[in-house]
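As written, the chains take the letters A, B, C, D, E, F, G and H, and residue 1 is the first residue of each chain.
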């Protein structure tokens, strides 16, 4: 098992945090894991991203060039990373900000109304967790529950409130994805 | 201690603290800045010395001063900053006092970029300033190793009264990985015997690198060379995998080494009897063990994130007869496992007589 | 040029993109006044007709790419060494107009020596010194210009005084050297001050054209990203927090420069 | 007061809002519907209001030099801001 | 100690070799006032009883061996970097007395950045700044402090003004920084001035002992060898040529230091 | 032109002038200071640019600026000053523009002393700052060669748009020897096509070493490496003596090489079939010719005024089988002819099978 | 005026003449007959003159700290120069 | 033929100049020649010296450790260099400043009343040439006439007067040495 994840978006969208949540959860699960941010001036006003590799074996490069899972929160990151998703991989994106026509049929693509769902979950800032929830539904190398547990045990959410909101967001994302999958497979 | 998910830069900083770092001086530069920022928070909390210097030149000379005062001291930087420290490094080395410098390498030359690279292998292993000496150089391949080698760096520095460089790169510095931290050591209750502490109840002490008469200069250099000879004998460090029955050796350090590991693993899975040799000490280069291994294999591949620098050390160990292939990426490019694997396979098929793939067994 | 919608025929253009400014997307954060400083420089260059004679030395800092942002010759110095590089250029081409663009980390911290010596040598170059009280590029560490108590990533408890010391006042320092001909501080936080800043840049370049010596314009500038503010808040912060410590003013104008 | 207008190079606009808060006529807004190629919501003139005086203050603030200012011809063309790059 | 002839029994010693001064033959040229500066430092250290607490940072320059010339702990910095090294020492041992001894090439030229930043940080160290208007050690090249028109081996036609610029006034420059507590200029050319120089060194050390901040004593000093004069002529040259350009005086004495 | 008795430093300065030096920036340091002092006099006389910089850092960056402006430009220094220039050197190299730097080496590390040494071989050939590149390095063994190689340095720098270091030492810099100077070249009437001269009637030009994207950084590095490959192919230079029938080779450059010459001459007189190989280009190291020679001999002796740095290049060329002996002096000590001769004789008798001395014939 | 005398550490004296020209009593000379271990002609007190006042000016100037000054005991010991390192 | 010369004395005694005169003359004669000064802070207040190697063959090191000819003008240089003279070599020293008992009998030693002879020649500063003249009489690898010619043709003397004085000094030194030699051989 090796999952190569890219989470990308604007600086303020919590993409680094979303990646860290995945990484902590993977560590807690007993996987090998690396988390690698974009860094330096690239972040400035542009796209921030991080790369998470989760594996049951030694991880070579933490740099992901062909993600098996891409979680993309804004337009520029979509333009940049959507074409790089590995065949057979999954692309989860934030339809609230991205409205591009998806043309690849060798990957699974899921447009999540992230903002709307996050607001329903209680805070637009939980957008990142909505997409993580959806992603894990599609690529179930870990459970959303594991993420919730991780957010809690490593005190990653800022407050009990935010924790609750994040958990709801994960669930909403997952639910959305599952309905999509079932609609597809049915 | 429980495993923690830590960024390399932060892990090195915390490990240094725990190893007894008493005074840190540094200047921001990507991709090492988190190290400085972390210590900006932690050192004052512990009542220890943190100071952001006005430049890398000032930083290394503050380190020089702190080392003269007998403190466990450290700075950290990257390419351009390391270049600015060369004079200070040479003075520290010429003064026979311990200090630790963390170099989180990035792409060069010039301003280059801030992406991971190993382009300063020569600078850290060969010159590190003017004059005849080498620092001890340690190259971590993971965050855990960065932690462990940071502690070792301080111990070696103190033991040999010698400069130690922890040569990481942007990948190690920026990445988060699970790791275990060492326990917090108590700070020493007394100062080392060379420390300038005021000449109270003892003769005055002097620390300098000036030997005006060439005879004295030579004597001092002989002392340094003798120390280096001992270091070469005692401090060679390396890690190896799959080497027992290997007929082909991949050699890489730091990030390139960890990526090479995955490639070798994959090659094994494809039945190639490849092994991995990962130098931990870049100076002293682990040529004793490497030579033994090279005698056993039919060829080797050096993997670096540069144009081929350690390559020279390997060629020195390999002699003329063993074919040495090279795979390098430059300017901040990080090779993928697939890149290295395909370089491995093509070198393997070229060099190894019996290179028809046999389905072998993977072992670590 | 990216296509700009047609102008209503009945109106005349009163302001357009300066010729000396390249038509590229910059790496600056939204609302960062580095951009304003660039625009003012380009306007000044246009106004004086210097585009074909000008050579810019970019710094290491957020403005690291500034040599790409002007339609004129440019190069890039190692961190803090722009005045030395500019000296090399100017001495070899005394008739060209040589400018450096430097941040406060670049000029006030690592590069203070080169700045002082260029000023002391009366080197006829012009420095645009962008003081945003922080290291922008590397993510918000303390600069020598960081205010007392200001929290940065390398002074998380707020900058303590006297350790690591009072903010460094560059204009005041360089004005004290006999070799400097024109040293002023301006601010980019409101319209009046922006206009004055532009004027100062024009004058500084004139000082260089007239061969009067070293000129420097310090610009109080914002870093919304690392200050953690919106761009308009950041302009307010300049006014409220920086201006009292770094008063705008003319710190040195030699007699001959007053005539320009 | 003369009539004026502005043109915003939406491609280079970073939606920083400096022009918005600077405009004395309060006729600039951020268009949160639109996202440009760099991912920003650009500023836009509330054209319908027709209150722009062509004073140029917005252009004076714009860090990305993406505002051009136009004005009805006057006897004494005002030159507060920048150089005149017409014709 | 080399044997000194017996003292006539009827007399009392009123002056003897300071304890803090090592009894060695120095590398200074005959009549070079570096030697006087050393002696004054040693006397000051003795007077304040600091020998066992003092750490000297020697420069690169004629005083390169000065760490050997005192009976106290010492080390030697790379050219110009003594203030940084002293900072490293002082921060680790705040109770010790840390001094640098620097020439004008060392401090004013290559090392101006480190000096300014140490002063700006209010670093509680003491700098003895020996200004002899020349690079002594390397054979008489121009220093930033070289006078207008002064011939040196690297300004063979005499130092031209403004290129390479006016002499740099270090005391004036550093006094302007808020972090400096005590900055004075003294001269070593006659008895009265030598006495005042000694007093200033004592006060500067007291400023450090009291933790008041950065202190610096500039000493106008001779270089008979590279000036091409006899030692007494060189003292005259200080008086006639240096004093008008570098007036002795108190450039900064913070209130608390006046009480010392 | 008549032969003149000239000090190496002065001869280099005058040769640079005649080769078209337009702008010199430098900072005093022994043992190169006469070079600066001489140009302080001569450059203004010729209406060219001379400026004493405030430091070596400023000097190299002034050179960087002058090179951007399209001028033939140079600086000079020694150990500590060279260390301070490392960042600037790397930027110049990263910007693909020409410049010449004279390094008159002295004993290190640290302040060391001012006596002749070759202890910075690694610094000049291997790193010269951070990043993946090598400057071209030329090593004169006499004042005449210093003159000739200075002219060559400018020509190579311009031809390849590459940094060239003239690596002399205190001996070459300080000694007077008869030499012949080249004629005075006229200065070029136009500027090179990369020069920043104001964007008049042409698009703006930019000179920088920044390649933020690793892909661009790698592409730029490949360009540098391709240039270096061409330099390695075309610019290897060496001198040899008595090699025709040699069964033993002495290898030394610069001052050590000239001293070795006398030793080899003496060995020949004693019937030993020794030859001398004297690298002129240290980078590119003349390994093509050296390998041929090493294939012919039974052993070799490397002579350096350091702890053994070029030694690595020789070992790389020699492979494992050929015995390589080393004689080095450090910290400013200069070997005598007798020193080298006795090292030669002992290596010779150890390595050369037929080593019973035969009375041979000396020839140059 | 009190009587005094000086002792010169001839070994460390560099014959620089600063004491010679500084002495108000003009009682110091350079001994051009003598050469010390470092090759210098050291300074020497013209003892026979007995005019040394022990004022200490010579010591104040001596860059090599090789002059010790002695004086006949007085009621108020003068301390113009340096520290008292007796006994 | 190889002559390894050291000329040493105080800074002001013209030792570098004397060495250069020898070097120029050697070049004019057609010899290989190197001249190497002491340099740096060592000069300061101490002993200045230079080393001249004259040879009809390639010269290896210009550094002379065992001079075949030492011309020593002051005490410190005598203490330093007299013991280093090669067996069979010659030591010419300035008796006006040096009064040490010579103990070596494996070298030729000549104490020249340099100052006195220089004053007779017309200027005490010609002391160096007196010693050079004496040295060349003892080690005749070049003639004193060659030196005179060299001083003239390379304009080494400051003025025609000084040239004449230097020439006289060379002659006086030579004459002194010759009388010594004849006294010895007779």
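Simple rule for what comes next: a contact is a pair of C-beta atoms (placed from the backbone, for glycine too) under 8 Å apart; a residue touches a chain by one contact, two chains touch by 3 or more.
Fair warning: this is a prediction, and the values are worked out from it, not measured in the lab.
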Next on the checklist: Need the graph distance between chain B and chain D over the touch network, please.
Outcome noted: 2
Next on the checklist: Tell me which has more C-beta contacts between its two chains, B-E or A-B.
Outcome noted: B-E
Checklist entry - Centre to centre, by mean C-alpha position, how many angstrom separate chain C and chain H? => result 64
Checklist entry - How big is the gap, in whole Å, between where the Cα atoms of chain C centre and where those of chain F centre? => result 41
Item to check | Centroid spacing, where centroids are CA-atom means, of chain A and chain H in whole angstrom | outcome: 87
Checklist entry - If you average the CA atoms of chain C and of chain E, how many Å lie between those two points? => result 37
Next on the checklist: Residues touching two or more other chains, restricted to chain G: which are they?
Outcome noted: 14, 38
Next on the checklist: Touching at least two other chains at once: which residues of chain H meet that condition?
Outcome noted: 41, 45-46
Checklist entry - What are the residue numbers in chain B that touch two or more other chains? => result 30, 51, 54-55, 57, 80, 87, 91, 95, 110-111, 114, 208-210, 212, 334
Checklist outcome for this item: chain C partner, complex, touching residues on chain B are 27-30, 33, 36-37, 40-41, 44, 51-52, 54-56, 80, 110-111
Checklist entry - Hey, which residues of chain F end up touching chain B in the complex? => result 57, 79-80, 82-84, 86-87, 89-95, 105, 107-115, 119-120, 122-123, 126-127, 129-133, 208-222, 224-225, 306-307, 309, 312, 315-316, 319-321, 329-334
Item to check | Complex contact set, residues of chain G against chain E | outcome: 3-5, 7, 9, 11-12, 14-18, 21-22, 38, 40, 54, 56-57, 59-73, 77-86
Item to check | Touching residues on chain E, where the partner in the complex is chain C | outcome: 109-113, 116-117, 120-123, 144, 162-166, 168, 172-173, 176-179, 213
Item to check | Of all residues in chain A, those that touch chain B in their complex | outcome: 20, 23-24, 27, 32-37, 39-41, 57-63, 65, 154
